[in-house]
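Letters A, B, C and D mark the chains as written, and numbering starts fresh at 1 in each.
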Amino acid sequence: MNHTWHQHLIRVLYQDTDQMAVAHHGNYVGWFEVGRTEMMRDVGIAYKRMESLGLLLPVVDMNIHYHRPARYDECLAIYTRIITYSAVRLEFAYEVRRIDDVPSAWDHSRERQFATPVGKLLASGSTLHMWLNTKWKPARIDKAAPDVFELLNQTMNNKE
Amino acid sequence: MNHTWHQHLIRVLYQDTDQMAVAHHGNYVGWFEVGRTEMMRDVGIAYKRMESLGLLLPVVDMNIHYHRPARYDECLAIYTRIITYSAVRLEFAYEVRRIDDVPSAWDHSRERQFATPVGKLLASGSTLHMWLNTKWKPARIDKAAPDVFELLNQTMNNKE
Amino acid sequence: MNHTWHQHLIRVLYQDTDQMAVAHHGNYVGWFEVGRTEMMRDVGIAYKRMESLGLLLPVVDMNIHYHRPARYDECLAIYTRIITYSAVRLEFAYEVRRIDDVPSAWDHSRERQFATPVGKLLASGSTLHMWLNTKWKPARIDKAAPDVFELLNQTMNNKE
Amino acid sequence: MNHTWHQHLIRVLYQDTDQMAVAHHGNYVGWFEVGRTEMMRDVGIAYKRMESLGLLLPVVDMNIHYHRPARYDECLAIYTRIITYSAVRLEFAYEVRRIDDVPSAWDHSRERQFATPVGKLLASGSTLHMWLNTKWKPARIDKAAPDVFELLNQTMNNKE
């Protein structure tokens, strides 16, 4: 299994805050989505291309554990990796970490693969997705887009 | 011209607030949209049906003036009316008012047409829209959906 | 235990949709929040008052199961109930259901307590919350706001 | 006057799209905010620090002109500059441009000052802001934070 995490850096925006002066808990859904999209792009699977092939990958299950709040203007690293996959489904794990206090994380912002996430853990979670066709019916990715399935195989097996 | 305002009541949600402890200024865009949608529905023009006819009505111009902040859990009235229209464009005016202090506004929440908006003025603005077809090209509503154009004519002329 | 569900009706807004032409999965976080807020208000615990007492109730855990997509302009019922509570925590369950096809749900929109949710199930989930003080440290609600704790006791035990 | 534009690069997220398969018009409010925040940071005026000085800078007026839609996953440049300023107010101009077709814009993503914006114009607009204290009353920035006022003077006069 692939234990490497993909890192994507963001900043907490003013519009992300609520009147508790922390990032509203709903923002993490979007942050997971950005982490997932960029991880997939890195692997060679641009979600935009999947849609042009008539394949959708909606979320069927999501859970989020909130450990510490994020605050305005803090620098966050979103760590994403695939934890399980098959021809019909895909499951991602996420960690959101504050890296204000880890300047080297920014220095290495060009690198995207990390064995061990850095920074203070703010939230963790996972999302489960199913491949669907444009009629919203289950699709088999190994049939509908064999090259994508091959990329997933490589990603998950290459880097033990 | 039709000077009647359509009233739609909402409440400021926690997720609408930011760390200034007021509703973030971006929320008004969505509130205008809700006001516009409900006003159109009331007139007999459900936006959902417009899209099923292959007609889109994107915003091409928007301006918002912020007078006073809105705060968590306050009750707001969104007032909407059409100010100009033709076969190719449609322009709406909006007022967002706080009605916590106007209990009668809630009592009359079943009525939807008001000659004079009530409550403390929080924001005002307008949006200009153009009718487009699904290829994102200008459409003439009098040709593409004559019954809708007729409804607009009636709405604008009936109630002088 | 209290098995009654609180019902709150909403409509899917245009801004809620994404390019799959369904409500983006992130919207359910906000819908749960509205359901929770209105359920609490109904019980006599306005969240606004809790904050004025220096008590916060952030989400520490959330999970959502997506069964069927919601689409633009559909009428949804958000069903909310408390499943567990103590002096330090509070756990809510939610169901989001489409009630376009259940006209009586609208007829009874003034009633708010339901033994059995109606409509097609779109999503279900739960959130776990902890009472905190303004320094973001754990608070005991039975000490900090005994009347609120009493209201929770009543709500959970009254209506077996 | 300073005619230099500050450039900040973003990508259109899935959650930004609506069922017209374009970025919902409300997103531009947030994009302007990001552009403004990063421009200010670049000049040496971190908004976070302003708030720690008890100074707020809410939007009192906003207008947006939509020229062309933005689509999922496109790379956008947000161009921001100050157009007028005084001790009590600040006015920003914005342009949002698509730069997918301008690869050099990414190559130069480390540079942040541009005399001439590049890319296809999608939207333009402006926001007017007033300096307020934490009681939401007008503040004079030349009195409340003279060093910030001096930075504004320099920014506006230095680079004719």
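Throughout what follows, a contact is a pair of C-beta atoms (placed from the backbone, for glycine too) under 8 Å apart; a residue touches a chain by one contact, two chains touch by 3 or more.
Note that the structure is predicted; figures quoted are calculated from it, not measured.
More C-beta pairs in contact connect the chains of A-C than those of the other pair, out of C-D and A-C.
In this assembly, the chain whose C-alpha centre lies farthest from chain B is A. With centres taken as mean Cα positions, chain C sits 27 Å from chain A.
Averaging Cα coordinates per chain places chain C and chain D 37 Å apart. Among the residues of chain C, those touching two or more other chains are numbered 14-15, 19, 26, 29-30, 33, 51, 72. Put simply, chain B touches chain C in their complex at residues 13-15, 29-30, 33-34, 37, 46-48, 51, 72-73.
Across the complex, chain C meets chain A through its residues 19-20, 22, 25-26, 29-30, 33, 51, 56, 58-66, 69, 136. Chain A meets chain B in the complex at residues 14-15, 17-21, 24, 26, 72.
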